[in-house]
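Please see the structure below; I have some questions.
In order of appearance the chains are A, B, C and D, and numbering begins at 1 in each one.
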Amino acid sequence: MNLSVDLGGLQLKNPIMPASGCFGFGKEFSQFYDLSELGAVVIKAATGEQRFGNPTPRVAETPSGMLNAIGLQNPGVDKIMEQELPFLDSYDTPIFANVAGSTLEEYVQVAEKLSQHPTIKALELNISCPNVKEGGIQFGTDPNLAYELTRAVKQVSKKPLFVKLSPNVTDITELARAVEEAGADGLSMINTLTGMAIDKQTRKPLIANETGGLSGPAIKPIAIRMIHQVREQTDLPIIGMGGICTADDVIEFLLAGSNAVAVGTANFHNPLVCKEIIDELPEALKRYKFTSLDELREVAVS
Amino acid sequence: MNLSVDLGGLQLKNPIMPASGCFGFGKEFSQFYDLSELGAVVIKAATGEQRFGNPTPRVAETPSGMLNAIGLQNPGVDKIMEQELPFLDSYDTPIFANVAGSTLEEYVQVAEKLSQHPTIKALELNISCPNVKEGGIQFGTDPNLAYELTRAVKQVSKKPLFVKLSPNVTDITELARAVEEAGADGLSMINTLTGMAIDKQTRKPLIANETGGLSGPAIKPIAIRMIHQVREQTDLPIIGMGGICTADDVIEFLLAGSNAVAVGTANFHNPLVCKEIIDELPEALKRYKFTSLDELREVAVS
Amino acid sequence: MLQQDLSIVSNKVIAKDTYEMVLEGDLVQQIKRPGQFIHIKIGEGFSHMLRRPFSIADYSLETNQLVIIYKVIGEGSKWLSKQSDQSFINVLGPLGNGFEIDHLANQNVLVVGGGVGVPPLYALTKQLSQRNDVKAVLGYQSSDSVFYEEKFNKYANTTVATNDGSYGEEGFVTDVINQMQNQVDYYFACGPLIMLGAIQLQLRDTQGLLSVEERMGCGVGACFACVCEADNEKGYVKICQDGPVFHSNEVTLYESIS
Amino acid sequence: MLQQDLSIVSNKVIAKDTYEMVLEGDLVQQIKRPGQFIHIKIGEGFSHMLRRPFSIADYSLETNQLVIIYKVIGEGSKWLSKQSDQSFINVLGPLGNGFEIDHLANQNVLVVGGGVGVPPLYALTKQLSQRNDVKAVLGYQSSDSVFYEEKFNKYANTTVATNDGSYGEEGFVTDVINQMQNQVDYYFACGPLIMLGAIQLQLRDTQGLLSVEERMGCGVGACFACVCEADNEKGYVKICQDGPVFHSNEVTLYESIS
């Protein structure tokens, strides 16, 4: 079965990609399978300068999910381009860069640099990271800020721009509309929900940063709802994510209105999950009587 | 161990009560244990007139949680007072009434009637039901509407008023502050998060209403975070809820800043859960080296 | 109504994707009549918050055992199918009211079941046959999904139909009923909503009892998940508490399926 | 590095809340040295999204087996303790670099373990003892939590300390080290952060290798969950990938615990 999809002008072999922050820069997972099998790879967030992130512990398990507060640790955009991208260049799959920052200027600077790099085929604008003090989530919860940031980034980049939306909002369609008006070429949704867990032994939050982002199957119903809501308002391509673990989950996300999907937390559960989902997708589609991905997209819930 | 708590002037035997909508009017669960063992009972939402609720299916399981879209089905406030409250009156535990409506007027009318009934010891104002077309969640996501509604209800009721907050908002502290200023005597949090699940076989939402409210352990980290955030801003008593299944969970909610807790979805998993938690709480407190509930509240994460 | 760990006496495949599980425990003593059901806790811990309802297919107060027959559909029934003998599962039940049959004697009774709607009709047929003349029409997908035909045959004149004609009559149970000559005084049906609606319409001049399914929360009448519109004072019934068996003129199913 | 279902050869209590599990499978062939660890999938389905890291306590390329020793702490280790022989668990490993010991010969070596920090030191001690003189100091809560003393005794001059003095010396491993006369050329330590920090400080003039714990996500170096500040070019190390064993002057633990 032909699994290829057109995602905002990019041609992907299949609709499956690892989600930003859950796959590093690909090197570790390349020990498990050939990254060329992936529809795309979204690399870890890049900021203007090197960041050391939050104190540890940074992760905690929760029922059918996990909290993380990595805090955008990364070597900075220049070192990423120098040290990480050459490795990825050897694979036959489009690389999406995830762009983060504390100020509009930093976002713009990072986006400009990455968009000029030949290995990078698209940008994902991370306006929804709940785990840093500045930037991140503010841009993702205020439609005006989101609009301005998206516009500013569009002005310095010709590569397709996916804006990654935060679920920590009263009305996600408002944000989706704002970034669409600002020129976004697509949407990524959802980022994590802000959560917290308390260690009863120490009587302190389990995550040193106190709060962290909730991901995994626990948030899947929220992701499906939000994607469906946004799909009713826009034709922009959507990369859906939030708790995907199986080919069945992928079908559910496509039915909700996603054009492609990203798999995050499940990579920790099973490092082979993306490859296994790609291998199983044709069977799963047949099980639900779909003869093609196109046919599925036509019946997507609306 | 003395488990009694003072909740906004009401004296409870212990901090455990079933959550509204998950315990009906108590009759069914009274077949499993003596309701007098409970700290309190929160009954199902009452509206001005009888409501038939949403089409079925109304519930669906999700990872470590469930969706529901009952749609406030209830016989109406008059019939509830006539047919349901007399039964509860025979138990030695305070009864909280959950007040719902489509309009400010309806809320006020229901609250006024219930607050005059001798069996009702406190009101829980449900401004956060995501499963009805009108009212409910609008009042819960707009601080101005929440303020006005709370004020209006306070004017007709002398019983302690707990306002039940919706987690489907960008900043829950804003709502908490609004209802506190309007005179709320306490807060209940959290209601369900709006979610959706799609049946891959029928290609339609599993819940006939399309979206439903997500509850259960899946949302616990979000509840804990929100209670903690709100606790930092107010001294109002908080009834914490969202995924509580065990005495350990109760301790986590108390550490986050709750004064008492409500148990919802877990009643479906184990109809004896409230009683079992009450029985196990002293042991659990000792395991974490608490000699009393007061001591726990003093170290609550702040 | 109890919540109790019942021990698994046996758990075996009896047709395609279909299992028969025998459970033992004191809860069995509370079963009043055929058509009641049990609500089973799934998995370890709290990853599955909703129990799964299954009809009591057979029971014996002497042996303290009950039987359920279930089809593997999704996560819950898959988990059930992997539980081994001698282990325990947590059961809430017996729930619901089941089939009232005390008033029936010397009648021509028709029992109609479709797929996993067949199980509750087995204990029913056994009991009905003591005082009535029972005909059973059982519908299945195809030959490999047929189960309990011989068991029914002991107590009732049984016709099996399969959708694809690979066994017994070809077609739906309604086709078989269409061709029946005898007069039916009373009928009982359990199966998919669409089948129940069709039979309710087909036999609208006959009295009958229908066992209805709906997704459930509490299973005990507290959550209002499982309501169904009804011709009564309240305007609705709760399937778990007031049912799952209803009189054919109490609930109108063929409307809700059109 | 592989993801593989290993079969459980045995799983038994060896001290209070402490189990020894023997696993068998081809993944064992990839183990390079003591101190590496495996990352174990917990539960059925997707209710537990994070694996649990456990040190390889012993291994044999001949028998294709490895041993882990684990304490029941929370949901994951509790689940592990309930798994029975002949069943399988999903393992990701071997992970990390373990203890480099090829350069050590004819040295006075000290091995210090606390509680569930003891396991990785067992295979280490076995290997070290082939060419060095090994002293082991093992600290436990109290007498009922002591395990593997005799096994260590075969390869090292072993002192056991318990916090409450109910067995061996009373006090912490640092108290025992304080009283030691012999000169130590090189040391190895694994245990709670607070113990490692204390030893790092106490033996700051001696070279050593520390095995460090941190909550983990991926276990393979991709998620940056398990970083620790370090004196190197990057300013940090990833415990899962660069460790879990570090040179004592690479990571500064006693600062992070004060």
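Operating definition for what follows: a contact is a pair of C-beta atoms (placed from the backbone, for glycine too) under 8 Å apart; a residue touches a chain by one contact, two chains touch by 3 or more.
Quick caveat, the model's predicted, so the values are computed rather than measured.
Colleague: If we look at subunit B and subunit D, which chains touch each of them?
Modeller: Looking at subunit D and subunit B together, the chains touching each of them are A, C.
Colleague: Looking only at C-beta pairs that count as contacts, which pair of chains has more of them, A-C or A-D?
Modeller: A-D
Colleague: So which chain is farthest from subunit B, going by the mean of the CA atoms in each chain?
Modeller: D
Colleague: For subunit C versus subunit D, what separation do you get between their C-alpha means, in angstrom?
Modeller: A distance of 55 Å separates the two centres.
Colleague: How many angstrom lie between the CA centroids of subunit A and subunit C, rounded to a whole number?
Modeller: One centre to the other, that is 46 Å.
Colleague: Could you state the distance in Å from the CA-based centre of subunit A to that of subunit B?
Modeller: Computed from C-alpha means, the inter-chain centre distance equals 34 Å.
Colleague: Between subunit A and subunit D, what is the separation of their C-alpha centroids in Å?
Modeller: Distance between chain centres: 35 Å.
Colleague: Provide the list of subunit A residues touching at least two other chains, using ranges where the numbers run on.
Modeller: Where subunit A meets two or more other chains at a single residue, that happens at 63-65, 216-217.
Colleague: Mind pulling the subunit C residues that touch 2 or more other chains?
Modeller: 46-47, 75 - these are the residues of subunit C that touch more than one other chain.
Colleague: Line, ring, star, complete or other: which describes how these chains touch one another?
Modeller: Drawn as a graph, the chains make a fully connected set, so complete.
Colleague: For subunit B, which residues count as touching subunit A in their complex?
Modeller: Result: residues 62-65, 67, 141, 168-170, 193-198, 200-201, 203-205, 210-212, 214, 216-222, 224-225, 228, 243, 248, 251-252, 255-256, 288, 299, 301 of subunit B touch subunit A.
Colleague: In the complex of these two chains, what residues of subunit B are touching subunit D?
Modeller: 63-64
Colleague: Within their complex, state which residues of subunit C touch subunit D.
Modeller: My answer: residues 43-45, 47, 75, 79.
Colleague: Touching residues of subunit D toward subunit A in the complex: what are they?
Modeller: Its residues touching subunit A are 1, 3, 41, 46-51, 75-76, 92, 214-229, 234-236, 241.
Colleague: Would you pull the subunit D residues touching subunit B in the complex into a rising list?
Modeller: The touching residues are 46-47.
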